[in-house]
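Common to both upcoming complexes is subunit A, partnered first by subunit B, then by subunit C.
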Partner chain A sequence: MFPQMNAPLGKHPEHRVAWWFMAPALAGLTAFILAPFLLALGMSFTGLRLGSPLPAGFAGLENYREALSDPAFLRGVANNALFALVVVPVQTALGLALALLLNQQFQGRWLFRTLFFMPVVFPLSLVAVIWIILFAPGPDGLLNGLLNAVTLGAWTPRDFLNDPAWALPAIMVTSIWQGTGFQMVVLLAGLQAIPRSLYEAAAVDGAGPWRRFWHVTLPGLRNPLIFVVIVTTILSFRVFDQVRIMTQGGPQDASTTVIHEVVRAAFDRGQVALAAAMSVVFFVLVLGITLLQRRMMRQEGGTA
Partner chain B sequence: MAVVEFADIHKAFAGQTVIRDLDLHVAEGEWMVLLGPSGCGKSTLLRLLAGLEAVEQGEIRLDGRVVNDLTPQQRNVAMVFQDYALYPNMTVRENLAFPLRMRGMKRARREARIQSVARTLGLEPLLGRRPAALSGGQRQRVAMGRALVRDPAVFLMDEPLSNLDARLRGQIRNEIATLRDRLVTTTLYVTHDQVEAMTLGQRVAVMAGGILQQVDTPMTLYDQPANLFVARFLGSPPMNCFAVRLRGESGRREWELAGQWLPLPIDPPEGATHAGLRPEAFSGPADARHALQVVVEGVEALGHEVLVYFTDEQSLEGMPMAARLPGQVRVAPGDTLTLLPDAEQLHWFDASGRRLATLTHPICAFSSPPDQGFSSDSFWKSTHQVHHCPWK
Partner chain C sequence: MNATLPRLVFTYLLLLLCTLVFFGPILFMLVGSLKPDDQVLADAASLAALWPREAGLDNYHSVFERVPFASYLASSLLINGLIVGLGLLVNALAGYALARLRWWGRETMLAVVVAILVIPFEAIAIPLFYQLSALSWRDDHLVQAIPFVANPLAIYLFYSFFLGLPRALEEAARVDGAGVLRTFFSIVIPNSKAAFASVAIVTFLFHWGMYLWPLLMTTSESVRPLPLGIASFHTLPPLAWGDILAFGVLMVLPVLVVFVVFQRWFVAGVASTGIKG
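Take a look at the complex of A and B:
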């Protein structure tokens, strides 16, 4: 850091220039993040409803009380938590495994890199539609048919997306398939930044492949791993598109998520104020988790 | 401690030959320096011994046991890397402990070893620090420590001083020399720095273009270089080498230097086409009858000595000729200077660049007959065999 950067902004002539440089980004952040959030915060204390002729009066904490006693919203929070608990570790482990594989020298490596990364580039709506086809019910459904074939007929075809036990796992599978490529690319870049001589030193020092992974690869990937875990956690709390398109939160709210409930409240039922309150609760939850995660990661690694 | 043998080693990367038909024997407890310009294959040779590169042809033996197919873990060699390769997430103590932990040494014994090595290398105050908080010299010491803490069959050092500044390099070189005399372990030390080679090597193996040029004690390499490459690679400034021009009969023979004819009191060996003269074989300013008159082209006054450069049309690759004179000599470029070359100190080489024995030097025999004709261009990439001096 430049030493003069520690002085408060505005004291130095260069700082005025700095403000100009920051202005476009600040304008965007204000218009699309800060302002909507403050609006939502304000709305959450009113009785605002879409299309209602009545004036929106001050409602105090009424919306929060309603949100926290809404079983669908609570189910959404629980589903999101479960989703994150499964998707973050599985997706990261898969991404790491793929990155390790694709870090080897072999013919056609670029092809596999491209293939594994492609789902990241696909629009989520497209991914959802593809997986609806894969999860199609009945013995002719692709996944049902495959499972039937590999189990030699022992598999009973089921309607994954309409089964309360299978709807959320189906969405998890879709999300993992879509998101692993991102982890893979970040971790691959991290792998390539680890000096080869460290592996050689470890080998000469007597470490076999598994210990080289444990003592050289994992510590070397610390920062990319932290980045990937935090980003995936936030993304798994934001999951919406797949739910909206594949299950609409059903059956019986089995696969609903917080964002899905927010959208349902605001746009299906017109309860804008309630949706705003849900968003604020959600924001606090995600912020808390992210801060907690960062602190845990920092302690674990010491200086970083 | 172990005997290291390379037998008929041949190594290529993607069709590019890096090491050609190499045989080398390192005795038990010996410090062998591998010296050569970059790309000569010296580091590759070290990595072959460590097991970091696969041996495609030939055999590597440790104490008579062929280790070609052993992994690095199985070979019990310790290596100091050029970039030190310290584990960045571990403290100095953990770095030193790592090779011991990997070999399953118990904690108490481990701790004793670490303490003893830390004391030897002055690392005690640094044990709790991470590599990022160390200076270049300290990192170098930790890298040495991580090799010393074990009891390996062979130490391998791959240009361990090349990332240090000149002052620190000299200091640590001295420390390594002390260490070398204290612990007797077979060591292969790779460097492109001839000062390190001369000061640290009990024997030095000079390599060029993947071929071993000569293996001998540092002083023998300097006094009796096996060929023009070794002659010009060791010494700074390097030996003045030039095409020989002679006239007159035996007894009244003359040789030409810088366009002037000088008496030659000795008989050159049969077949000599090139000769070399070290800069210190000149004395001057001289007042003798047969002195050489040169126009000074460049001067490097170093305090304890003055290096004077002049031109000889016949000099190999058009290199300027250098003379090393006492520090009190005052000359400037453009001055005319009288020098007295000592013809007794001439080194003679044949058309293929090999050393020819003279009556004034001990006779050196060659292991193989001269091959293709010498041209300065083909020579530097060339294919010369090692020659063995039989009295060794």
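Take a look at the complex of A and C:
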């Protein structure tokens, strides 16, 4: 149809217009993602500080040494890991439970799906403020009052957000509340994509509800499950807004996170080179998790 | 699977419990925004938390009196309008070039876009903050919008969508003598409304809550968006929870409207990225 179909692509009639189509996006990606990414790598080997008149010399691995021996930063890494270990399984299990609940026949499915999903569209800053009120200290607080009623008075009211043992769990609860609906809609779409004939065949073979769940539902949800697990794990390492607003990382760094320490180093203390080194460590962590999970996905994918 | 009555009752009980967990805090916000400030916490531990004894709109008045709410809202609308509007054009053009056109560099460019997808914004926030500050570009609306226009995820979503679009229409237009640009605007866009709608809604909902970047880049209240507004309002003395919740309701209203009206496309957008994953 096109006469020059076999000409080199560089001379193809669409070549020039294709680059014009691509140019605005390429300019944006280069200026605002690739350039700062390379800048982070470069800066992390210097002694750059914000507002410092001294020239920033080459500092070698000094920033990395400082980051990896900074107790607050290490606490942040550990908190992010703990956050992922708790939030990812809990949120996925809850999302799956909600999806299974909504996948039944009953009146008002649309309404309940909307209500359960609603927290996902709430900005995290607003979610954080709402939960600050729900976590209010003393017997007047909603959560303290509720726990007191459920335990028939055995619960001692506490100041969740100022208690080193409770600050991080409180942020986890907040995040799970906000994020579960996302898992739910992805898994619900996955459930609806499983052919009914598979369930009918399993029922003919005499499989009960549990066996149908293990042998039809779960294998059928493999891809959506892997997707939500990867996304939630990465999000667990990016946590910032809730921490900054609810606890400022405290008390005594009990609820700090990697990104919170990055922002504290650069923005509150002006140590941009140290913050760049921390950002690089953060990127390597996230990349490692992504690659690991993608590999697991591919290995198991052989059987699907 | 015939639903028997006990099973149906059990299902509704579970649904009610889940509604309390996931919608309860939202209802608490709505109800609290209508109450006198001192009653918000006083009622929190009882069922009165979810029912106003004396309702009124006083808190909504004081939001507008105590903080420049209209300015926060205008900033958020402007920033998001730019990100969504320019983003649809820029990313759709790129997605189309990657999916349909024949050019030298296509494969490399696609690989670059996919590779960039793994860079989380938080990893580049500080160097980008430094880079733009060095150019003295900070503290305005544009600096909060322009860096987010070109978006690798949006490019990828458009790319996947255009790959699945039947070629016949475009080929007919090309045979009739239409150039690439005219084919794109008069044939491709009108046939891709669903993709444009999902990308627009996902982009809008995502950026409406942006907090870290405006926190780094702005110092003037006049350019700050809603998330910074609520974060500073909740520490502004005197502490008035009713006012803060009223701010919250006003802040989330635009997203809730978008979400409820366009729910079909939004869920489709989220779910389709999920199944492809």
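Quick note on the criterion: the second predicted complex is superposed on the first by the 273 of 304 C-alpha atoms of A that agree within 3 Å, B and C clash if a C-alpha of one lies under 4 Å from a C-alpha of the other, contacts with A are read in each partner's own complex, and residues count from 1 in each chain.
As a convention for this text, contacts are C-beta pairs under 8 Å (C-beta built on N, C-alpha and C of every residue); 3 or more make two chains touch, one makes a residue touch a chain.
The structure presented is a predicted model; accordingly, all values stated were derived computationally and were not measured.
Q: Let's test your reading of the overlay: on subunit A, do subunit B and subunit C clash or fit side by side?
A: Once subunit A is superposed (C-alpha atoms), there is room for both subunit B and subunit C without a clash.
Q: Once both structures sit on top of one another, what is the angle subunit B-subunit A-subunit C taken between CA centres, to the nearest 10 degrees?
A: 80
Q: When the two structures are overlaid on chain A, which partner does A:S197 contact: first (subunit B), second (subunit C), both, or neither?
A: Touch partner of A:S197: subunit B, not subunit C.
Q: After superposing on the shared chain, does subunit C or subunit B touch more subunit A residues?
A: C
Q: Output check: A:Q252 vs subunit B and subunit C. Expected answer is one of first, second, both, neither. What do you get?
A: neither
Q: Regarding the shared-chain residue A:T151, is it in contact with subunit B (first), subunit C (second), both, or neither?
A: A:T151 contacts neither subunit B nor subunit C.
Q: Just subunit B (first), just subunit C (second), both, or neither: which does A:A27 touch?
A: A:A27 contacts subunit C only, not subunit B.
Q: With the two structures laid over each other on chain A, which partner does A:W131 touch: subunit B (first), subunit C (second), both, or neither?
A: A:W131 sits against subunit C, while subunit B stays out of touch.
Q: Smallest separation in Å between any Cα of subunit B and any Cα of subunit C in the superposed model?
A: 7
Q: Could you list, by residue number, the parts of subunit C that touch subunit A in their complex?
A: 1, 3, 8, 11-12, 14-15, 18-19, 21-23, 25-26, 28-29, 32, 40-42, 44-46, 49, 89-91, 93-94, 96-98, 101-106, 109, 112-113, 116, 118-120, 122-131, 146-150, 152, 155, 171, 174-175, 179-181, 184, 205, 208-209, 211-212, 215-216, 226-228, 230-231, 234, 241, 244-245, 248, 251-252, 255-256, 259-260, 263, 267, 270-275, 277
Q: Quick check on the complex: what are the subunit B residues that touch subunit A?
A: Checking each residue of subunit B against subunit A gives 50-52, 71-73, 77-79, 81-83, 85, 87-89, 98-99, 102-103, 130, 146, 150, 156.
Q: Which positions of subunit A touch subunit B when the two form their complex?
A: 195, 197-198, 200-208, 211, 215-216, 219-220, 222, 301, 303
Q: Can you list the subunit A residues touching subunit C in their complex?
A: The contact residues of subunit A facing subunit C are 1, 8-10, 12, 14-15, 17-19, 21-22, 24-29, 31-37, 39-40, 43, 48, 50, 98, 101, 104-106, 112, 114-119, 121-126, 128-134, 136, 139-142, 144-146, 148, 177, 180-182, 185-190, 193, 223-224, 226-228, 230-231, 234, 237-238, 240-241, 244-245, 259, 262-263, 266-267, 272, 275-276, 279-280, 282-283, 286-287, 290.
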